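Okay, so subunit A shows up in both of these, paired with subunit B first and subunit C after.
After this line comes the complex of A and B, so read on.
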């Protein structure tokens, strides 16, 4: 297995007296889908916000390719190659697919000092990406408002790829989708990993997780309580980690 | 759904309907009044549309961004006073013509500072400025009209190039410049993204504050350019200058199909909205309806169009008023 893209060491996040994350160690590898599981309030969201630069950790450090990094904003994380696809997709419904994919980082050419959009190139690039992802969206000029939930996920994934993201964080990508759409997004997720991206997937859906994840990490009450390869575990065991019924978790929580 | 044809003069359904409304109004007024359908009156209508068109272009950008400026008329008034004073001082005509846009842009900067830096909703911030500027006009004019100003700017209107007045060139150029900025540059995309959702725009890495500043400054500069035209053709600045201009501009822009909630706009629609409004105002006047009633017509049209949009579910409505999707 290749060297991890990102290593988190002893990540702790306190909000006043509340400890939302306590001493989390984990590794994220390129080409791998890592699923983060846990009940509401277990610390998953806080952890990905630390990764995405939205929170800075109270303690601990992040290493990217072995080099310590400190993000003070989501922009820092983005320039380090970390893209987050939020549950509430940050897409502009009134703009086209290609405009959304390039929004904020448009290709342009300067004519007499006026930055003109290179619309044709952007369109072609997006058409290529959509084809590569087998997203089955034929027209990159369609407004995003006319797309289904799954197609919007595909656009958000295109956007991440177009930024040359090395780590894509997906927060509940299938939460609001119909069955067929869910299948599509899961296969997109796999394809991202096959392209060499590291993928962090947050989901409550055990079936989705067991379908796409290579490795599963369970959070409970701000701690990492389990880390399993998918092949070494089963949904029942993971659920017992999440609810705290598993003997290992009980032992851990007793000692503290 | 957004209009996907975005050619510089392409028409969608809404715009064709407006064109039909303009045509209908022209036919009705021509029948009703012998004075309406004359070349002289057509020229008057076009002449009266100039300031509104320029201000309307700026208002289109502001509404598309989810902003608004109810002080544009008074901004034009303040700029007009400066242009008038420059005329009185016999400044070079080219410089005098530039005074308007420059003062307008500066006032746009002030508006942006209040609304963007102060984090005040645009409608409230500009309403506050409206109150302040109105008194400023009073003080600057000292209770007296600027009237009988020198003819220094008449060249702007009088000179022709290839048989077309310079003024027409300036207006067409302003339209093309705004269209290019909106449809062909990153600025336009960013503006529309902010109009759709400021939060999402920020998450996409758009410099929201910068774009909002730029839009208020452009709108101010266009109001200032309108002031130059105003002074050039009327050669006076009265106390009530621009008092209904913001209402007219918002009505024309909304008529044209620009969403009052932002994210969607039509520049062709704005041009047609301006023409329809001015045709109605002119026609009613010729039919003997006192000009006192003009704001009633404009306000009624604005409310009517928005009601139809709400009823036809083009705009979502919450129990508390306007809501975002």
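After this line comes the complex of A and C, so read on.
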């Protein structure tokens, strides 16, 4: 097994008197899909916001390739190779696919300080990425407004790849998708990991998680309560961790 | 799907506007054939210059979204013109007049931008407030009287006509639109304006400097209003404290009519240009037919409502 890309040590996040995350330790490895599970309010969203640089932890540290890092903004996280695909996807429907993939970091040719777009190169690069992902979108110049939910996910993944992301965080990527689209996105997720990316997947859908994840971590009330390889567990056990019915969780919660 | 979108695009707006324009011209021709002459075209283009510059700024502010609107344009034009003339009277060299007008406009626009982006006041309210402030100050500084004394070299530029086309129209209105069109279509700044206009959250998430861009666009709207003020001085020969009257209404109408969506993110400057031509031709035609000026404002207002309705229906149809 290769060395972890990112290590979180004792990550704690407090909002005033509320402790949203408490002493979370975990490792994220390249080429692996890690699923974060937990009920609403369990702390998984807070945790990925810490990873994405949107929140800074109250305590604990993040190490990337063994080096401690501190993010003060999502831009810092992005430049460290962490890309987040948000639930609302952050795409502009009035722009084309290639314009969306490059939005905010267009390829340009500066003429008298005015950044002119290099449309052709951007288009070719996006066409290549789409093909590599087998996303079945033929025209990078199509407006994003005309795409289906799954195709939009593919565009968002393209954007992450285009940033040379080493860790892609996907927040509920299949929540609003039809069955066929869900399959497509799950296979995109796998392909992302096969390319050597580390993938963190947040989902409420147990079937999705068991299909695509290599490792599963369960959050409950701001703590990490379980960490299992997929092959060592089953959906019933994971559900009992999430709801707190599992004996281990009961024992843990009794001691506090 | 793609074909429908293309029909919805700028090409549709432009062809509709041209059609309307031809109808207006034909109507005028039928009612008063003597009205159409080279002189009339020159007049139309002279009137267009002010509205074109102001509408361009208005259109870009709206395009960038965030409920952006600049109701203060009329006040900005009046105050920039008046202030230019007052500074001239106070003894400043006439050479600086263009800088004073355009600088004043930019500063007034930037103030709008600060109110909206830094102090987070709703654009409609902020610019309504500054509209009253700017036009009120213009009136009170002059007591309501026109300020004469524009230098001859400026009049020479402002009243110059080249082959029936006014020189200021060629030297500021056309280049301003060309530049804006190029920047919007071909540069990453243009993409950012469309992105933030349509979906502000997503633009912020990918790191588009939304606040800075909007601040610049409000200032730019002021700059263009300042340039319009300068032209009004050069054309009319005096600084009138009410020169900007009704410009907010007319520039809004031109922007909407030109296909810029009121919520931002859709439209282009070509349509705005065509809409300005249509509006001014309509107004000039009404003038030629001796329709009371009071009615002209009413007709522009009715046109604005009609355009917003058309926009809404075309969206639900989509």
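Assume the second predicted complex is superposed on the first by the 254 of 256 C-alpha atoms of A that agree within 3 Å, B and C clash if a C-alpha of one lies under 4 Å from a C-alpha of the other, contacts with A are read in each partner's own complex, and residues count from 1 in each chain.
The rule we apply is simple: a residue touches a chain if its C-beta (ideal position, glycine included) is under 8 Å from a C-beta of that chain, and two chains touch if they have at least 3 such contacts.
Note that this is a predicted model, so its numbers are computed, not measured.
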{"item": "Room on subunit A for both subunit B and subunit C (clash or fit)", "value": "clash"}
{"item": "Which of subunit B and subunit C A:210 touches, first, second, both or neither", "value": "neither"}
{"item": "Which superposed partner A:75 touches (first subunit B, second subunit C, both, neither)", "value": "both"}
{"item": "Footprint overlap on subunit A, comparing subunit B with subunit C", "value": "74-75, 78, 86, 90-95, 99, 103-106, 108, 114-117, 143, 146"}
{"item": "Subunit C residues within the subunit A interface of the complex", "value": "1-2, 5, 183, 186-189, 191-192, 194-195, 197-199, 201-203, 205-208, 265-266"}
{"item": "Subunit C-touching residues of subunit A, taken from the complex the two chains share", "value": "74-75, 78, 86, 88-95, 99, 103-106, 108, 114-117, 142-143, 146, 159"}
{"item": "Touching residues (chain side subunit A, partner subunit B) in the complex", "value": "74-75, 78, 86, 90-96, 99, 103-106, 108, 114-117, 119, 141, 143, 145-146"}
{"item": "Contact set on subunit B toward subunit A in their complex", "value": "1-2, 4, 180, 184-187, 189-190, 192-193, 195-197, 199-201, 203-206, 263-264, 325"}
